[in-house]
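Here chain A shows up in two complexes: once beside chain B, once beside chain C.
After this line comes the complex of A and B, so read on.
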C-alpha cells in the first residue's frame, strides 16, 4: 500500500494521490449500493500524458485501474472493490476550441454534462443528451456508457455526438480517433468501439463533441392514461402525427414518491394509474394546436382521460420534474433497478407479460415503473422493504430478474438498455448477447488490455 | 480449379456457381480500373446459412473470399485478383418485416440502394443515404463502406441508419447484432465495428434499417461562384441561416464534361470557375424567401454572381444532374480519384494549399474538382491524357498523391473520406491512422478472421 502510494506520487504530485479512508470510500463507489468500496488509492491526473503514465505503471505493477467520472452509474461499472487504483477525471474539466461553423467543441473527460449544456447555451446552441444526473455525470462516463436519457427519440444517444475521441488503451497507447471528421472511411472505427465499452478497453480522456441547433419553444404535454395498453396507443398517435423530442411514461406509484417530497403539485385532480409526458418544439401556435387535436383523439379513444400543456418554460420544467425526480425520490429505498428495452412495436405485448410476472413474483414488494417508452426502454424499480436486510433483498430481486431476463430474451430485447453491464449485470449478459458475441468481446478486450488491468471484473471478466 | 468448382457445387447448386470467363471478369472487378480480375469462381448464396457454409469451407481450404455487392466501389475493395472465390449477394434482395411505427425494415445484403429508397417512398417514408450509384450499389456494400453521399450534412452516413446487422464472421460464426434496438448498453457494439470494415472481418448478410420521414418540397439553389474562397463563405452564410439537406460544389471543368454529353443545359449565360448547389426543405414560401435573402447577401459580398432556384421537382432533378453526372461523364477518361476530407473550418486553407499543389504538380493534366464541401469532403479527379499508358498515368498520379496526402496529414484529415481503403489506398493508410491504430486494426482482423480468408489483401493486409 505504501509502495503504491509512493510510486504514484512519483507520477503525480502528492496532493493528487489520495489514500485517506473518506476518499477511498467516496471514489470507490457509484450510485449502486450493493458493493463495499476498497480501492488502494485515488489519483487525479491533469493530462493525457499523466493518464498514459499511470496505465504504463499499472501494467508493470499488474494493478487494476478503475475509471471514475461523476460516479452516477447504476450498474457498478465504476466501483473499486479489490484494491484497484481509482483514476478520477475531476481535474480534467476544460472545454476548448469551440468552432461555431462546425458546431463542435473539445472537452476533457471530466467535463460535467450540465457544464457542456451550459456552454452550448451560451453560444446559442444545444447539447441534447440529457438525463436527471446532468449535474454530476461527466462526459467521459457518458461516452463510456453511451448514455441515452430523455431526448433519444429525437437526438439519439451520446454516440451520435462524438466526432473524435482521445483514449489511452489498456496497453498505454494514446489514440486520437477520427479527429472530428464528418467523413472518414479509413478502416475500423475504433472510436465506436470505445463508446459504450464501459472503460474496459482503456480510458476516454477527451473528445470532440458536436452540438445541435437550439430547439424552439419546447412544450410539454402531460396526459393521464388509465390503462397500461393505452401508453403505446398514445405513442403511436403522437409519433405518427408530429415530431416529438421526448416521450416518457411513469406510474402513479412513481408519482407518489415524487409528490411525497413536497416539491411538486399533483398535476390532475384525480390520480391515474399511468402518466405520459411528451415534448415537442412549438415555434408557432400551429404545433400546440396539432398537439391539442391529437390529445382530443386520444381522449375520444379512451386512451387518455386528462391532459395539461405547458404555457411557459417554467411550467414545462415543473412538469418535467414529475418524471425526472422519480429516481432521486426512491433512492432512500435502495431500489433494485432493471433497465430493459425491446423494439417499440413489441413494447405493448412485452409490458403485458412483464406486468404479470411482476404481480406474480413481487406480491409484497413495491414496484415503481417509468421509462423512455418512445425508445422501448423501461425502468423497473423494486423498492426494498424497510425491515429487509440488503443481502436478502438483493437475492430475492436477482431471483426475479431471471424471470424478467427470460422475458427480455424471448422478445430479443436488451437486459441493459442504457445503464450498462458493469458488475451488476455481468453474469446475465448471455440473455442479450450470444456465446459467440461474448467470445469476440473477450478477444477484443485481450487486444486492448492484455494484462487485464483496466476496470477489471466489469463487463467481460 | 475443378476441385474448387466441384466442392462449391456441393454447397450450392450448379447454376449458383460460375467459373466462365465472362463472369470471372465481371465479378472480379469494381469501378476502379487498375487491376486485372482473376477469381477462381463466383458463387451466389441465397441465405445466411449458405454464406456461413461457404466461409467454413474456405477456412478448411484456406481459400480467400471476396464479398461482392453492386461493385460500384472506387478503392478496389471488392476486386478479386488472386484466385479468390467471389461471393455475390445478387440473389439476396428481399425486403421484409416493415414496421410503420418504428419506421424500420429488414433487408438482405443484395438489396439495391434505389430499391430501398423506392420501398420507403411507397410507404410514405424516405431512405436518405443517397449518391449517384444508387441504381447499382447494394446495401451490404453501403454498410461495409459506411457510404456517405450527398445528404450527409442533414442525414448522416449509412452507419446512422443501421439498427441491426446480421454478419458471418471470418471464423464462420453467425452474429445477430443489436436486433433493431434503439437502446442497448450490453457491451462492445460489434455492429459499428463491422460498419465500414470493407468486408475484412466477415460478410454483412442482412440488416435492420431505419427510415426517415419524407422531406417536404426539396428545393435546389444553384449559385455561380467566381473564387475558390467564396465556396466556404457561401457555406457559412447558408448553414448558419437555414437548415440544409445538401451543400455541394463543382468546378467549371467538371460542368464542362457533363454538358459535353448533351443531356443538360448550361445553367447560366456565362461560365463561372465554380458552382455551389444547395438544397433545403421548403414546406412554405418562407423558406424559399429566406434562401433568396441569403442569396442577395452572397451577391452583395461578391461571393456569388448568379443564381437559380428550382420551381418544380423536375427542375430540382435537372439541377442535381449537373452535379451528379460528373462521375459518369469522366469515367471514359479513367480518372485517378482522390477522395479526401478535412474538418469544415479547415477547408478554405486546405483548398488553397491543395490548389497550389495541383497547379504545380499536374501542369499538363486535366484536374476535375467537386465534392460534398458541407462535410469537408473533396473529390479530386485527375484525367488520363488520351495518349498516356495507364501504368505510367497511375505512377504519375501516385507520385502526386504523396503530396496530397502529406497535406491531408498536416490538416489532420482523411485520405479516404467515403470511398474506403481497399487495395488502392492501403499503402497510404499511415497518412490518416497512426502506427498504433493500425496495429490494433490488424489484431482485430486476427480475432475475426484468423486464417485471413476474408477479402484478403484489402485494408489490413
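After this line comes the complex of A and C, so read on.
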C-alpha cells in the first residue's frame, strides 16, 4: 500500500497522488450506490505522457486502473472495489485549437460537458449532447459511454461529434486516431472502438470535437397524455409532421417527486397519468402554427387532453426542469435503474407488455417511468422502500430484471440504451449480445489490454 | 372595473447580452425577445383579479416595434381581453413611456393600472411612478400582495425590515415585485383563442405625444471580467490573501 503510493509519487508529483480515506471513498464510486469503494490510490495526471507512464507502471505491477471522469455514470463503470488505482481526469480541462471554419475544437478528457457547451455558445455555436448531469460529467466519460441524452432525436449520440481521439491503450501505447478528418477510408476506425468502450480498452486522453450551429428559438410543448398508448401516437404525429429536437415523456409519479422539491409549479391544474415534452426550432411563426395544428389533431384523437407552450427561454427552461430534475429528485430513494431500448416502431407493444410485467412483479414497489422515448429509450426506476435493506432490495430488483430483460430480448432491444454496462449490467449482457459476439469482444479486449489492467471486471463478462 | 396592464418586450432573461463594438448600445440583433418578467407578473395578477370577479376587463398595452404584437398575444393568451399597440421605431425612455401610457389611460379610463416595477433591460424603475405623477393618482409600488375591495386597493410592499401595507383610493397605479405571484404557463388552446382577440394599433402621433429621448446615452460597456478563482492551501494563506490582495481584513 505505501509502496504503491511511493512508486506513484515518482511518476506524478506528491500532491497529485491521494490515499486519504475521503478521497478513496469519493473517487471509488460513481453515481451508483450499490458497491463499497476500495481503491488503493487516486492519481491526477496532467498529460498524455503521465497517463502512459501510469499505464506502463500498472502493467509491470499487475495492478488494475479505473478510468474516472465526472463519476455521474449510472452503471458502476467508474467504481473501484478491489484495490485498483483510480485515474482521475479532473486536472485535464483545457480546450484549445478552435477552428471556426471546420467548427471543431480540441479538448482534454476532463473537460466538463457544460464547459464545452459554454465554449461553443461563446463562439456562436452549439454542443448538442446534453443531459441533467452536464455540470459534472466529463467528455472522457461521455465518449467512453457514448452518452446520449435529450437531443439524440435530432443530433445523435456523442459518437457523432467525435472527429478524433488521443488514447493510451492498456499496453501503454499512445494512439492518435483520425485527426479531425471527415473522410478517411483507411481501414478499421479504431476511434469508434474506444467510443462506448467504458474505459476497458484504454484511456481517452483527448479528443477533437465537432460543434453544431446554434438552434433558433427552441420552443417547448408540454402535453398531458391520459394513456400509455397515447405517447407513441403523439410521437408519430409530431415526428411525421415536423423536425423535432427532443421528445421525452414522464409519468405523474415522476412529476410528483420533482414537485415535492418545491422548485417547480404544477404545469396543469389537474394531474395527468403521463406527460410528453417535445421541443422544436421556431425561427418563424410557421413552425409554432404547425405545432398547434398537430396539437389540435392530437386532442381530437384523444391522445392529448391539454397542452402548454413556452413563451420565453425561462419558461422553456422551467418546463425542461420538470423532466430533467426527475433523476435527482428520486436519488435519495436509491433507485434501481433499468435503461432499456427497443426500436421506435416496437415501442408501443413493448411498453404495454412491460407495464403488465412491472405491475405483476412489483405490486408493492413504487415504479417511476420516464425516458427519451423518441429514441425508443425508457428509464424505469424502481424506488427502494424506506425500511428495506439495500441488499435485499437489489436482489429483488435483479429477480424482476430477468423478466424485463427476457422481454427486451424478445423485442431485440438493448438492456442498456445509454448508461453503459459497467459492473451493474455485466452479467446480463447475454440478453443483448450473442455468445459469439461476446467472445469477439473478449478477444478485442485482449488485444488492447493483454494484462487486464484497465477497468478490470467491467463490461465484458 | 377595467384594468390596464403595460407589457414590455425585452431581451430574454436567459440571453447573455453583448455590447455592440462601438459601445453605443447592447446588440439585440437575432436574440430571443420575451415579455419582461415583472410584466408577466402584472398580467397574472390582473387575470387573477378577473377570475376573482374584481375586474371585468383587462386591456394590455405595449409600446414599441411591430413585434411587440407577440408580447401582447402572449398576454392575451394568459387571459387579457384585448390589446393596444402604440407602434413606433423610436427608442423610448421612461418619461416618454409614461406620457404615452397616460394618453392611453385618458382614453380607456381604467380604474387600475398594473405595471412591472422595472424592466430587466434598462432597470430604470421609473415608469409606474412617473405615470402616477402625470395622472395625479395614488401609487403602490413593489407590490407583493394586492387586495381590491370596493373603491380601494390594499397593496403590501416589501420594505427594509418588514412589510408595509398601503391603502389606495381607486383609480390607482400598482407596480409588481417578484413575490406577488407565479405567472401561469400559456395553454395551447388559449394561444389560438388569443389570435381572435382584438388588437388595436395607434402611434405616438395619434396620441399627441412626442416620444423623443431626453437623456443621451454616452457609453455602454461590459462589466469587468471576473478573474478565475484560486485554491488556497491553508487558512493562513487565505487570511494573507484577504489582507494583502483583497484588502478586506
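General remarks:
The working rule: the second predicted complex is superposed on the first by the 460 of 461 C-alpha atoms of A that agree within 3 Å, B and C clash if a C-alpha of one lies under 4 Å from a C-alpha of the other, contacts with A are read in each partner's own complex, and residues count from 1 in each chain.
In this section, a contact is a pair of C-beta atoms (placed from the backbone, for glycine too) under 8 Å apart; a residue touches a chain by one contact, two chains touch by 3 or more.
Keep in mind that what you see is a predicted model, and the values were worked out from it rather than measured.
Of the two partner chains placed by superposition, A:400 touches none, neither chain B nor chain C.
Look at A:193: by the touch rule set out above, it reaches chain B but stays clear of chain C. In the superposition on chain A, A:42 makes contact with neither chain B nor chain C.
Using the contact criterion defined above for the overlaid structures, shared-chain residue A:204 touches neither chain B nor chain C, since it reaches no partner.
Touch criterion not met for A:85: it reaches neither chain B nor chain C. More residues of chain A are in touch with B than with the other of chain B and chain C. Contacts of A:55 after superposition: neither chain B nor chain C is touched. Residue contacts after overlaying the shared chain place A:169 against chain B, while chain C stays out of touching range. Contacts of chain A with chain B, set against its contacts with chain C after fitting on chain A, share not one residue.
Remark: chain C residues 12-16, 32, 34-35, 37, 74, 77, 182, 185-189, 191-192 touch chain A in the complex. Those residues of chain B that touch chain A in the shared complex are 99, 101-102, 104, 145-146, 148, 152, 156-157, 159-160, 169, 173-177, 179-190, 192-193, 195-198, 201, 213, 236, 239-240, 243, 341-345, 372, 375-377, 412-421, 425, 429, 432-434, 436-438, 440-441, 443-444, 447-448, 459-460.
The touching residues of chain A, when paired with chain C in their complex, are 121, 217, 221-222, 265, 267, 292, 295-296, 306-315, 317, 319.
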